[in-house]
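There are structures below to look over.
Next come two complexes, and both contain subunit A; in the first it sits with subunit B, in the second with subunit C.
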Partner chain A sequence: MGEMEQLRKEAESLKDQIIVARKGFADTTLQEAVAGTAVVSRVQLKTRKTLRGHLAKIYAMHWGAGLTQCVSASQDGKLIVWDTLSTNKVNAIPLKSSWVMTCAYAPSGNLVACGGLDNMCSIYNLKGKDGNVKVMRELASHTGYLSCCRFVSDSEIITSSGDCTCILWDIETGTEKTIFAGHLGDCMSLGVAPDFKSFISGACDYTAKHWDIRDGNCTHTLSGHESDVNAIGFFPNGNGILTGSDDATCKLYDLRSDQELITYQDATIMCGVTSLAPSLSGRLLLAGYDDFNVNIWDALKAERVGVLAGHDNRVSCIGVSSDGMACCTGSWDSFLKIWN
Partner chain B sequence: MDELDLPQMKKEVESLKYQLAFKREKSSKTVTDLVKWIEDGVPDDPFLNPELMKNNPWVEKGKCVIL
Partner chain C sequence: MSSNSNLTNMRRLVEQLRLEASVERIKVSQAAAELQQYCLQNATKDALLVGVPTGSNPFREPRSCSLL
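And then the complex of A and B:
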């Protein structure tokens, strides 16, 4: 038997052992645990603001850690930092490459980042001395498009790419600290844990992976989806993973027991999930779909309890502010909307 | 999906060994904890409690502003 064949057999055996190990810890289901819990009553959120200004499809948005500012990226070649209360544009940053697919706001509020078909992650300093917003660093070494980026701090950022890897970068030196390889398909999105010690990635190999930021190891591979995992996010307490897929479903996975807990699906929903965000308590899951809507799910009972309908094209991104007071949606119709 | 070459396959096997070794906890404990965490947080979740939205910064307070 060749070495490759031996390794393949070993890998298959290990995967089977993981399945057996998981079964050993599955002594209850989420459905059983909430059998006596009532579904939440209908959730109706209204559009409070519409942020107008982009001239083309919006691909990404991210709330700042302060409670009312957010950044959005559009293929009109602009990154816009918004004051969502006044709807004013705090910054309108022209990009070198208009094929942007992601943007991120640093927790400090000092930096924003973006990237896309240029395969690079560009970091911008919002608090430069002369007031002009300039490119601070260009992080280039991915061999595929940049699908997502998220700051760990002002000095570190994690990127996910169509080259199937994620990278932890040192922003100061512009170099790669750690390469996270293992996905067998394009990495589509990532999320950083509330304690900043780990991150999760969703990919076109239909899986999500959980990684330790410091030692570079993958601790969990979560399967179950039947198509690309486009959207991913940590459950607010850091112990769960929410995923959204082209298979028209979202799933909740539990990291501590290494189980798939529940699937959010409905026979009437047949289009892909593009984005997702949990509410503050995690009781609600807001998910954006290709059919221009956002569905609000009772996360415990897996029933739809609301819809946000207002965009005239695909909802490409969604985020809930850090105090849970508002949800922002971005769409291919070029508008962002604030809902609560 | 990509096919792996020999060095990548070796890394994949190492990763699977590491993932197998993860210290799993019983779901009866972890799911109970998760449900409790959510239920404890629900009273503070603005989307589930209209009273928390009384002072909604995104809603205009009055019709006119004195400049």
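And then the complex of A and C:
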């Protein structure tokens, strides 16, 4: 038997082993485990602020680690840093490339980043000496579009790309520290763990992968979705993974039992999920869909408990502030809304 | 693609599967219990879940103004 044939057989055998192993730990389902818990009562959030200023579709937003600032990116070619309480624009940063698809706010509040069809991640220093916001670094080596980026610290950032890889960058030197390869389709989204030791990625190969930032290994590959995984985020305890897909469902996986726990779906929902964010306690899952709405799910009971209807076009991004006080939605209608 | 790189890719795939197969797992009952406990422990701090009294909602203008 040639080596290729041997390897093929071993691969199939290992895949079967994983399926069997997972079943062995499936002594119950999440549904059964929470059967005695009541569904949360209807959640009705109101728009408290509308952030006006972008002139084209908003593709991404990210809350700062402070409680009230956020950054948004629009294909009008601007990155805007907002004070959400006053709705004032703290910074309006013109971009070299208007084809932006993602933006991120560093936990320190000192830096923001963005990228898109230019295949690069541009880092901007908000706290420069002369008060002007300038490009600090251009991280270029991806061979596909930049779909998402998230800071690990002021000196490291992780990017995901249409070239099917994720990269951990050294911002100081502008070089790649680690390339995370393994996805078989465009990487669409990423999330960093609360302890900053690992991250997760969702891709067009219908899977989510969990990666160790330091040793570069993919520790878990989670399947089940029937189409592209567009959105991904950690459950706040750091052990659960939430995904949103073009198959119109969201899923919750648990890392330590290495399997899917539940699917958030409804026969009346037939459009893709674009974005998601858990509430502070994890009990609520807010997910943005192609039909212009955000559905709010009871994350434990997998029942819809609310809807945010207020945008006139696709909700492309959503985020919950770091103290859980409000959620922000960004839309192709060019507006951001703050809800609570 | 040359047969050499096919072989290399296959070797990498098998190595990756070995890694994923060997991960330590816990029972779903334990994972579910811990998720539920986390939700319960943090419920009262979750403004979107329990609501925010108008007076302490930083995103809401106070309704009444006092004339000084």
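Please note the rule applied: the second predicted complex is superposed on the first by the 334 of 340 C-alpha atoms of A that agree within 3 Å, B and C clash if a C-alpha of one lies under 4 Å from a C-alpha of the other, contacts with A are read in each partner's own complex, and residues count from 1 in each chain.
We adopt the following convention: a contact is a pair of C-beta atoms (placed from the backbone, for glycine too) under 8 Å apart; a residue touches a chain by one contact, two chains touch by 3 or more.
Values in this document were obtained by computation on a predicted structure and should not be read as measured data.
With both structures placed on the common chain, the touch criterion links A:Leu117 to neither subunit B nor subunit C.
When the two complexes are overlaid on their common chain A, residue A:Gly240 makes contact with subunit B and with subunit C alike.
Of the two partner chains, neither subunit B nor subunit C is touched by A:Val90. Once the two complexes are laid over each other on the shared chain, residue contacts for A:Val307 go to neither subunit B nor subunit C. By the document's definition of touching, both partners, subunit B and subunit C, reach A:Ala299. Using the contact criterion defined above for the overlaid structures, shared-chain residue A:Asp205 touches subunit B, although it does not reach subunit C. By the document's definition of touching, both partners, subunit B and subunit C, reach A:Ala33.
In the superposed model, A:Cys218 makes contact with both subunit B and subunit C. When the two complexes are overlaid on their common chain A, residue A:Gly185 makes contact with subunit B while staying clear of subunit C. Taken together, the two complexes place residues 3-4, 7-8, 10-11, 14-15, 17-18, 21-22, 24-30, 33-34, 37, 40, 43, 45, 48-49, 68, 84-85, 182, 217-221, 235-237, 239-240, 254, 256-259, 261, 279-284, 299-300, 323-327, 338, 340 of subunit A in contact with subunit B and also with subunit C. Residues 1-2, 4, 6, 8-13, 15-20, 22, 24-35, 37-39, 41-42, 44-48, 52-53, 56-59 of subunit B touch subunit A in their complex.
Of all the residues in subunit C, the ones that touch subunit A in their complex are 3, 6-7, 10-11, 13-14, 16-21, 23-36, 38-39, 41-43, 45-49, 52, 57-60.
Taken together, the subunit A residues at the contact with subunit B in this complex read 3-4, 7-8, 10-11, 14-15, 17-18, 21-22, 24-30, 33-34, 37, 40, 43, 45, 48-49, 68, 84-85, 164, 181-182, 184-185, 204-205, 217-221, 235-237, 239-240, 254, 256-259, 261, 279-284, 299-300, 323-327, 338, 340. Contacts from subunit A toward subunit C in the complex involve residues 3-4, 7-8, 10-11, 14-15, 17-18, 21-22, 24-30, 33-34, 37, 40, 43, 45, 48-49, 67-68, 84-85, 182, 217-221, 235-237, 239-240, 254, 256-259, 261, 279-284, 286, 299-300, 320, 323-327, 338, 340.
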